[in-house]
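In order of appearance the chains are A, B, C, D and E, and numbering begins at 1 in each one.
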Amino acid sequence: MELSGITVTFGGITALSEVDLAVVPGTVHGVIGPNGAGKTTLFNVACGFVVPDAGTISRAGDRLERLHPHDLAGLGMARTLQGLGLFDRVTVLENVVVGADRHARTGFLGSLLGLPGAAREERALRERAMEVLDRLGIGAYAARYPGSLPYPVRKRVALARALAAEPDLLLLDEPASGLGAADMDELGDLVRGLAAERAISVMLVEHHMDLVMRVCDEITVLDFGRRIAHGPPDLVRNDPAVLAAYLGEEVD
Amino acid sequence: MTALRTWWAGSLLGRHLLLALVGLVVVVVVLESSSDFRNLQLASMAYLGIAAGGLTVLTGLNGQISLGHGALMAIGAYTAALLLDDRDAGTPLPLVVLAAIAVTLLVGVVVGAAAARLHGPYLAGATLALAVAVPGIALYFKEELGGEQGLRVVLPDIPAWVLDLAFFVTGQDLTRSRYVAYLAWLTLIVTFVLLANLSRGRVGRRWRAVRDDEVAAELAGIRLGRARVSAFVVSAAAAGAAGAMMAVTVRLAAPSGFTITLSLTLLTAVVLGGLGSLTGALLGAALLTFLPQVVTDLGVDAGLSDIQAAELSPLVYGLVMVAVILLAPAGLVGTARTALLRRRLRRTGPASDKPGPASDVPGPDAPPAVPTTPTAATTTSTTSKGTTT
Amino acid sequence: MLTVTDLCAGYGPVRALEGVSFTADRGRVTAVLGANGAGKTTLLRTVSGLHRADRGSVELDGKPLDRVAAERMPALGLAHVPEGRGVITELTVEENLRLGGLGRAGSVDAADLDRVYTLFPVLADRRAAVAHVLSGGERQMLVIARALMARPTMLLLDEPSLGLAPRIVAQIFELLRGLVESESLSVLLVEQNARSALSIAHRGVVLNLGRVVADDAAEVLAADDQLRHAYLGF
Amino acid sequence: GGRDDDGDGGSGGDAAVDTPGVTEDSIKIGAHFPLTGVAAPGYNEIPTGAKAYFDYVNAQGGVNGRQIEYVVRDDGYNPTNTSSVTNELVLEEEIFAMVGGLGTPTHSAVVDFLNDEGVPDFFVSSGSLQWGDDPENAPYTFGWQPDYEIEGKIIGQYVAENMPDAKVGLFLQDDDFGDDAEKGVRQFVDDQIVAAERYTSGNTDVGPQVAGLQAAGADLVLAFNTPSYTALSQLVALKLGYQPQWFYSNVGSDADLVGSLLSRFSEGAVEGGSGSLDGVMTTEYIPGVDQPDDPWVQLWEKVWDEHGEKGELTNYRVYGMSHAYAFVQALMAAGEDLTRDGLVEAMEEVGAGLDGPQLAPFRYSADSHLGISGLRVVEIRDGAGEDLTPVLVTDIGDAEIVEDDSGQDADAPPESGVPEAS
Amino acid sequence: MQQLLNTALGGLTLGMVYAAFALALVLIWRSTRIVNFAQAPMAMVTTFVALVVVDAGHSYWLAFAAALASGLLLGAVVERLIVRRVEGGPEINAVILTLGLFIVLHALAAVVFGNRYRSFPAPFGVRGIEVGGTTIALTGFGVFTILAVLVTMGLLLALFRYTDLGLRMRASAYNPEVARLLGVRVGRMLTLGWALASLVGSLAGLLIAGGSLVHPGYMDSVVVYGFVAAVLGGLDSPIGAVVGGLLLGLALSFVSGYVGSQLVALAALVILMLVLTLRPGGLFAQTAARRV
């Protein structure tokens, strides 16, 4: 995925100006920056929720003109939201099956007539979804509704839904927010695993520096919509501009 | 036994067909054992049920409120009426119904597309306007659509083979009203099987996803517009079939038969029965079909004058609506299911608060008290740190 | 001073709090720590009257709060910064802040507004924007600022650092420390990030599965390796 | 009810017993009216009148020893409900006949059914032509009031003769009522008509229509509408300062009702009392409450006092009583052993000769089931009609209009107030 | 020419009536996030209360006051006793509930006040005003209507824009729990919202009834057009309600006069669809908000 010269303004304020960012396949690319720096907006551009005023988005070399969110899954991309965005009135399993929807082939007619093929596919999808749930260790909750589940579990359901699409580019917006230390470590391992074993490239927005520094191969730092630094963690960590704008004096 | 259970869980179509078969048997038994009058009442229950079934899919599964389904029924009814203008109008009834469905479906596409971007009260307003506008069209085109008087519907004679079949199966002659009732209920069963298939399959899942969270649904590759329009079209088609059946039962398609009241009646049936549940839709239809007459009769028996009794019936009707909403906010089916669920919860603890077993009904949606209003979204106290709101 | 004695609460069959007792001293920062699901949020919601307690009592400076409705808390000087969803997204930033002010005094004085705007310049720039357009962190700042508008004497914070950039977190903690010292504000601070929480807290209460498993001076807790590994994860 | 001991009491007994709704001592009849909803105001009074008269007859011993049981069902002026309540009345209640079912769209929904089932469908409360113009297809259906077409014809001819150079505007309810009437009127004054405005009943804003008439410069408005619309059109006219000669058809000209409606408007903007329709022209085919000296009206007063509900006698109730009276006559004519076909035959034979409140005779015969054959044109003075013409009778199509010589308008009810068998 | 003018003036007064009703809906939407379909019958009941007062021989204005007062009361009672229980529930339930109330009130009125037409007095002339010899279709009462609606709109604007009370009411509607945390008496606010809305509603009722006929169903058509007007303008905006009402009133008046009164409803539909396809949130909706 390659974003170049992205500029976004909302009414008066400039959320992004001429931001360049390229994700190297199979690596984890961190995006950090103060609140309101434009990180989520950058994701929104990459997902087609926000149409940039200027700049180009290209994927695997070829340029994407008008990108719509619903094209995303088709392009092998998946994203988790800064909030949870779970489907509250269907079971956890169903939530994940929706994520896997891009692999379904059944047409309207098949559904309407409940053709055997459709039923078979349904079962296949459910099994696929179940696998993902088990991989994230939340298989036990498959039949529950998200509403009353503990927060970390819900975070994982959201992640599972994204993984069920079997993307090769995964965008995670603050996946660790609100998680305890233990869960955060597991998350870190998971993300690294995705990149290492499954060669999935990951774009990661986080405010938890230790996590970011641990899992990212490369980091882009935004401030007031500008890219003020980018490069490997160690470089960024000690970049004075970053220290001033983002990390503040003492790093925790 | 276990094999059977796995099959039951596995094959959707098989399950629905089995239920349909059972339903069919029940229908035959009931219709054969009840008077002509009851048959006709049951026929009206059936067409209300069909329309309600379509609406419950739209509102319950896709979250679109429509106050205009009466208008869609009108379109189905007028189509049927135009095709059945005299005894020897060649078109066989099944074709008539299909035609009615087709025409309504087209209208559904247009309206659905226009409504696809609307939400909550804005959608309600648009569909409400639709409900009052359509009868006006019938008034305006007097020549073609018969104006205020509407179009008479002439039921073609019952085909000989049907008569024979009926006699063969039941040993009784098939009266016209019973014939109509059979038509209506057959249509209902077919419609419900199809709706059940949809709502349990991929399409239904997409509808639910869009209902619960548009952004997340879109990210999963679902086109919001398509999902919403398809839901609208499906329920429109059902309304069309219902309209055709209504025309056949009432023997008339007239504007005053399709006032806003009809649309609201449908919505009421759906909610009272239990949103998103076909069984609920049927229950609601039954309630609204039989309640008025029952109340009136009770009133008369209680010594009221006919007029007082007549005025009593809407009063009770309204009170029932209020009562159900206050006492059983999830509708009859929904509340029953919740009660069931509560019991299981108490037995097995929270670890498995999975709702009732897969039934003929789409859903089980909305676990107890998961609100859907913006107002309510925040009152679920479940710790949600998503700083999205 | 906030005194909690033998507090029990739950959600239907789920027991979230089982006999929690502790006191949060006046002019002190008391950190409530614990893993996800430990009952921290439930504790705060119960204290501020959003959630009904099944048993136990809560007192603010000797006055029992058990029967006090949530809407009367601000008048008693208690402000609650809820977890997550605390912004009224349909209102503008300034309207949100004004509401905060109304809670305490029934009217808003411009001085308070200026104060929080100087504390959070980001909000000042966006004062006329509908809160809906704010970024996650901006919303979090707004909620905290709004609580300060009521000039509370007892401040309940549920994971204030959520979604905030480290520098902002540091700032906010600085700010709290300042208020505690200058205006002898009392703070009940719920945090996932135990380390940074304990860095400003005077006292720490550790919850696990609805029970208090430790209640001691902050530095004592921070020093207790065993406890840290068991419950605080650092 | 049920069979009496004298079950073998001749064919009479048997015929009666196997006729639905008829027993030795009772006759059950039914009707559908809008008793609730927007159409109810006014119309819901008709059945109370009919009921009062049937009770009166029952009190006098009923018809041939049979008490009349009158079952009214509410259809809210919705054809769908009409069909279901009619099903109930015919199949469940097993009524002997339908009497006075109201409304064109509503009754259209059930006329086929009633005729298929062979249920006498008497005195439909509507002036549409279809109630009686072809006994071939609807042998059991009888109209009662003068159909809108002949009313239109008579009005049209009156205008043509007496106001040849009036600029005529038509104010029409947009359904068969307006259409049939227009057809009749145009037979005579087609060339005089400068505008025809239609309102949709239910839409109470008739400003645009009246403004249209005013703009067209109509100085005589022939209005075919319901009473509430008479009031509304009068109000709008006031608003527009539009003062044509108004000519309301019988349906809308209930001076008493409209008067009371118009009576109470602000600071004398509308002069009170039923006088408010003074100078308006209309027609009448039965005496109404504005004619207290008429023997029929006196009978109705008596009946209402003895058997009516609360509320005073209104023209709606008079209407109900009048067709109830005619139905009792029909029962009388059908004789001891009552059958559905017997009733129809009897009506075809003697119907044309029946006396009664109607000013002109019925047109009933083997080849017409249309009701009252004519009416007279009157002008309202102090709330009462002053004759402008004698009773004029005619028939649909190009039948010519002649003075009625049957003396129908002169007759008085019998002492008992119950018709004797003819 | 004169017809044109008169049709326009007719539309103006009609539109103002729709606007009045729409204002009531906007008020209740803003303060409780519920669309109250029972608004019309509630107004109808209060109008009959006024009629009772008039029949008792009192002045129009006393009746007027009585109606408004009873409106206020009715609204509060209904919210407190019935609607309170569905607040925070699925919005469709609220819809059905208010529909139920609609039917109940209707039926009750028919029983209590009788299901027949009655005339309702107006405080000012119902004769058109004379302008240079010709009478135009604007009565003293029409003028009163227009003024009343504009004033109401102004008051509502002020309430929501400039007062703390308005702010509290909106907060309670949008997010009851947070509002409570901030010390807002949410319950009171909701009750107040209903009371005020119902008061505005009965004002609408009186304006429609004045110098015309009333019966239990006389407000029914206004339900539809008032609602359409409110949606047209954007349910959150008092100005929108009035603009929507006017737009609708004028359009319908002209369609009815020059095309055919049967198509009035269709015209309403077309207008609404045109507006909503361009602005799904109504004419005066705030600009599309952030989605993620």
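Rule of thumb we're sticking to: contacts are C-beta pairs under 8 Å (C-beta built on N, C-alpha and C of every residue); 3 or more make two chains touch, one makes a residue touch a chain.
Since we're looking at a predicted model, the values are computed, not measured.
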item	value
Touching both chain B and chain C (chains)	A, E
Path length in the contact graph (chain C to chain D, fewest steps)	2
Most distant chain from chain A by Cα centroid	D
Centre-of-Cα separation between chain D and chain B, whole angstrom	40
Whole-Å gap separating chain B and chain E, where each centre is the average of the chain's CA atoms	31
Approximate Å spacing (C-alpha centroids) for the pair chain C, chain E	43
Separation of mean Cα positions, chain E and chain A [Å, integer]	47
Of all residues in chain E, the ones touching two or more other chains	107, 110, 115, 174-175, 177-178, 260, 262, 264, 291-292
Chain B residues counted as touching two or more neighbouring chains	136, 139, 215, 311, 314, 350, 366, 372, 378, 381, 383-389
Residues within chain C bordering two or more other chains	11, 14, 50, 83-85, 87, 89, 133, 136-137, 140, 159, 162-163
Interface residues, chain A side, partner chain E - complex	40, 43-44, 47, 49, 81-82
Of chain D, residues touching chain E in the complex	35-38, 40-42, 44-45, 174, 198-200, 202-205, 207-209, 211-212, 214-215, 227-228, 231-232, 235-236, 238-242, 257, 260-267, 269-270
Complex contact set, residues of chain B against chain D	35-37, 40-41, 44, 136, 139, 142, 147-150, 152, 154, 177, 246, 249-252, 254-257, 259, 261-262, 293, 296, 305-307, 310-311, 313-314
Chain E to chain B touching residues, read off their complex	29, 32-33, 35, 82, 85-93, 95-97, 99-108, 110-111, 115, 173-178, 224, 227-228, 230-232, 235, 260, 262-266, 268-269, 272-273, 276-277, 280-282, 291-292
Chain E partner contacts - residues on chain B that touch it in the complex	59, 65, 114, 117-122, 124-126, 128-130, 132-137, 139-140, 214-215, 260, 264, 267-268, 271-272, 275, 308, 311-312, 314-315, 317-322, 325-326, 329, 366, 371-376, 378-379, 381
